[in-house]
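The following pair of complexes shares a single chain, chain A, combined with chain B in the former and chain C in the latter.
Up next is the complex of A and B:
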């Protein structure tokens, strides 16, 4: 029974984790570097939502929208002015630049809000109990929100012209350029959407617990694990990977102490890279 | 004040040792290692535990720290070296974080988050704090000098040339009949051994190590040292380390003068300045103060070459 409860928890955690993992994998697919700045954008989203929720008194859904938009804007601007000029000099420089960027942004949040843990203003509700399985209404709501966001994103990528252009650039930048797709515009849009998703994911994670400036950094390894396990660059892969990592982290509680949850992600990365380097659904890793 | 300057000198020397190690991995072989601080921690813990719990003499502990750093480096390299660079970045970062989690939670190894205290330093009691620091400065300077000449030799030897070849174009090196994977593993081994040694020295100097000291920020400082000094260049690594420590310490003095700033805000501002400096260096002068000298063969522009190698 305990295992069943853990699997349920894991699936819910995994669905939320899928949101920033999709952001990461999309950024990678188009811009071709591992953007570690995702961590600080999760934090920025969580705090933007926090301000909207507690200072402006907005309910959860509009606050999530604020998290998406603010993190997306910061993502677009920081990419435009900080990372884009570095991309021409190769991915190592860009990856290191993205780490410097993430530390700078995280500390800007720390400068403004301090290190204290904060919680969202949420109505208190009793847990639902179905056949001995406990589910908190907030978790269930987060799950629904995450699924809706994913559905919207899939619709955007498959049905709209802009979405198709994004996929074209990810697939074959040269061919896309020949067909007249403006790669710069697509890069800007991807930075906005990818980092927006990171911010949204950061707030969803915060809704479940508390937030502090380290909220992004603490989850970044799980997000990367989800994207790598699923296959870096593949959106369905990111979803599958996030579910695997979510369930894996919860099930690890059966044998390990909670402190080792993040280590599960690392072990999963090592296993996948050793035995199936392209991930479950992804591209070649070397 | 003199006291302080000596301690600062020791820090600069330790950064220089780390920068020299990173230069082999990153500067020469062009491999990314974001988990630098993990190898530093391996060295610090190995030497700390061996001298404290098993009574090893300090020099043996330092050698063991370096050896262990190199050994773990080989393990990480063997798993990741076939992979594309972006995966290497993720795995090395994950390695350092996992190391920190393990050391925080496994109380039986080294007291968890409480850390190891009372790590012996050479003649610490006999010399008193001031002379001890001065002597340690001598040790660190000696270590830096020896490593410098060693790595300088290595850099001009065929080994160093092959590493630079791998950095510029792996395929060409492979066509020339070199075992690229072996060379990458060796580069990792040499570099991480230097990192392990720096960690061991650090433990014996401060007498206290704890998981929290091994945060990813340190990796960033050393990267900044290398970039500022000149990537791929051993002199640059040392000059950069001295500059970065000077910069880090001067922010410590300037920030308290800003009115109405709390301790947390001050610390945050310091990190913003450092990260900002790194971004600036990356942006303005990606080749550093003392750029790597490349033999008088006409080469195309580096950024351009890097791009065409990637595609």
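Up next is the complex of A and C:
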């Protein structure tokens, strides 16, 4: 029974990581560099949702939408003006540039909102108890949102012309260019969607905890771990990776004290990468 | 150009040079005393750091307005320690090596102070801190460190008395991974045992996790009747929310820095209802406390602002007493103005006047008497307990 509760706890912890991990992996699939600026976009989304919820009085779903749109717009603009010029110089330069960008953006948030912790104006619900297993309604919703987002993204990539163009650029940018696909337009779109998802994930984390300018920075390593374990570049992989990290960390509590939880997540990365260097589901985008 | 001949031009140049040199000479005579402030403006301590900074700067401004120390102005150089040991060490090195400060004050988290202290004693820089872990003053700091915060032992013993006084016997400790984690649990346990109780479970968790459900489940296995939450604000909020979700309604206690009013405002009132907090109390009846409140233009100040007031005052008075601003002078002379039979003074400015009149002084601070042991701990202090009702902190008692 204890193990079952730990698995449920792990699934719920994992779902929190899943959505930003989908964002990170989508960005990587198309733009082919690890965009660490995801951290600040999680923060921006969390604060955009906070303003929508507390200042404008919007309920949770429209606030999540605001988090997505604002973080997406900032993602598009920051990519257009900051990271795009760096891409020609190689992925390491761009990845380092994204670290610089994330610190700059995080500090802009700090300048506007200050350092204080803030919370959303939403009621907290008690756990459901099903056969002695406790399930948090909020986190169950997170799981549903993660699955819906994944399904929407999946449908977008497979069924729409723009989605197919994105996959084409992800698979072979040169060939895509020859076929007349506008790689710049695809990059803009993927920056918007990827960072929008980061913002959505940031707000979902904030719903469970509190928010401050470091909300994204504190989570980015776990998000990165989830994306890598699942297969960097694979969208279902990001979800699987997040759940594996979540459940793995929780199950470790059967034999270890909680102080070593994060180490277990990263040992999981080492193990997965040793046996499956491309992650659990490989690197195909869908 | 017709108005200028060569002689006039020479005279004007000489006058300009002299005018330019004058402030330089004045500056050289009274070159400012640089004081390093290294405090958490961000991270878990971000709620307390900025307020401590304000309290220190208020004292220095008052001293500067009264003519400074040893004829020199105090200049503060502020660095953010980010509540992060690695960032703090980098900032401390910058303060010591680039800014040449002889004293650093303001570190908050014990892990940060433990990292910064060796940098200080190696460079003969004096450090004043609010960190409470027992291990801090046991470091081989050669006297270069004092703290105004009671040790984990003093605090845990007081908390254990408080908890036992309410009749609780089975205490679960759920706390963050920090230097004070295990010592606090041990001290709580030893005092509770003398009262017929004990710590029945102890779970240490990692910071920055979005949920602590499993940690709480682990702590609850031993069926405690009281929860002692030993974390910082960001993680304590998560623990409190998870406790509420899990429908665990046991009485609970945490350090006041883990649930300041600003943190309570981030959660629905039902989540924090009944949480008890304790903190080393500012000495609210003292003259130093009243003057600090006045100086900061506040209605009241908390233990951290009071301690920050005391660091600034102690540093200034020690420099004046020693007629030397070096770290070694601070180390050798601080106890000459902080304790003993000298005239009691309650502010830095009053102390400076008394020293100028050739008197011996004993600074009595806003946070307490500021009497230090050989290893830099304070001898004792008061504790103030509060309880949360409808999302607001209400006074419970002062012990």
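A few notes on this one:
Definition applied: the second predicted complex is superposed on the first by the 270 of 286 C-alpha atoms of A that agree within 3 Å, B and C clash if a C-alpha of one lies under 4 Å from a C-alpha of the other, contacts with A are read in each partner's own complex, and residues count from 1 in each chain.
Rule of thumb we're sticking to: contacts are C-beta pairs under 8 Å (C-beta built on N, C-alpha and C of every residue); 3 or more make two chains touch, one makes a residue touch a chain.
All values derive from a computational prediction rather than experimental measurement.
Partners chain B and chain C, brought together by superposition on chain A, clash.
Of the two partner chains placed by the overlay, only chain B lies in contact with A:273; chain C stays clear of it.
In the overlay built on the shared chain, the residue A:257 is in contact with chain B and with chain C.
In the superposed model, A:59 lies in contact with neither chain B nor chain C. In the superposition on chain A, A:115 makes contact with both chain B and chain C. In the superposition on chain A, A:28 makes contact with chain B only, not with chain C. When the shared chain is aligned, chain B comes close enough to touch A:103, but chain C does not.
Of all the stretches 23-31, 41-49, 95-103 or 113-121 given for chain B, the clashing one with respect to chain C is 113-121. Once both structures are placed on chain A, chain A residues 110, 115, 257, 259, 262 are touched by chain B and, in the other complex, by chain C.
By the touch criterion stated above, chain A contacts chain B in their complex at residues 28, 33-34, 36, 82, 85-86, 88-93, 95-97, 99-101, 103-104, 107-108, 110-111, 114-115, 221, 224-225, 228, 232, 257, 259-260, 262-263, 265-266, 269-270, 273-274, 277, 285-286.
By the touch rule above, chain C contacts chain A in their complex via residues 41-43, 46-47, 50, 177, 203-206, 208-215, 217-218, 233-234, 237-238, 241, 244-247, 262-263, 265-268, 270-271. Those residues of chain B that touch chain A in the complex are listed here as 26, 30, 32, 34, 79-80, 82-87, 89-91, 93-95, 97-98, 101-102, 104-105, 216-217, 220, 223, 262, 264-265, 267-269, 271-272, 274-276, 278-279, 282-283, 286, 302-303, 306-307, 310. Chain A makes touch with chain C in their complex at residues 2, 5-6, 9, 12-13, 16, 110, 115-119, 122-127, 134, 136, 138-139, 205, 208-210, 212-214, 218-219, 250, 253, 257-259, 261-262.
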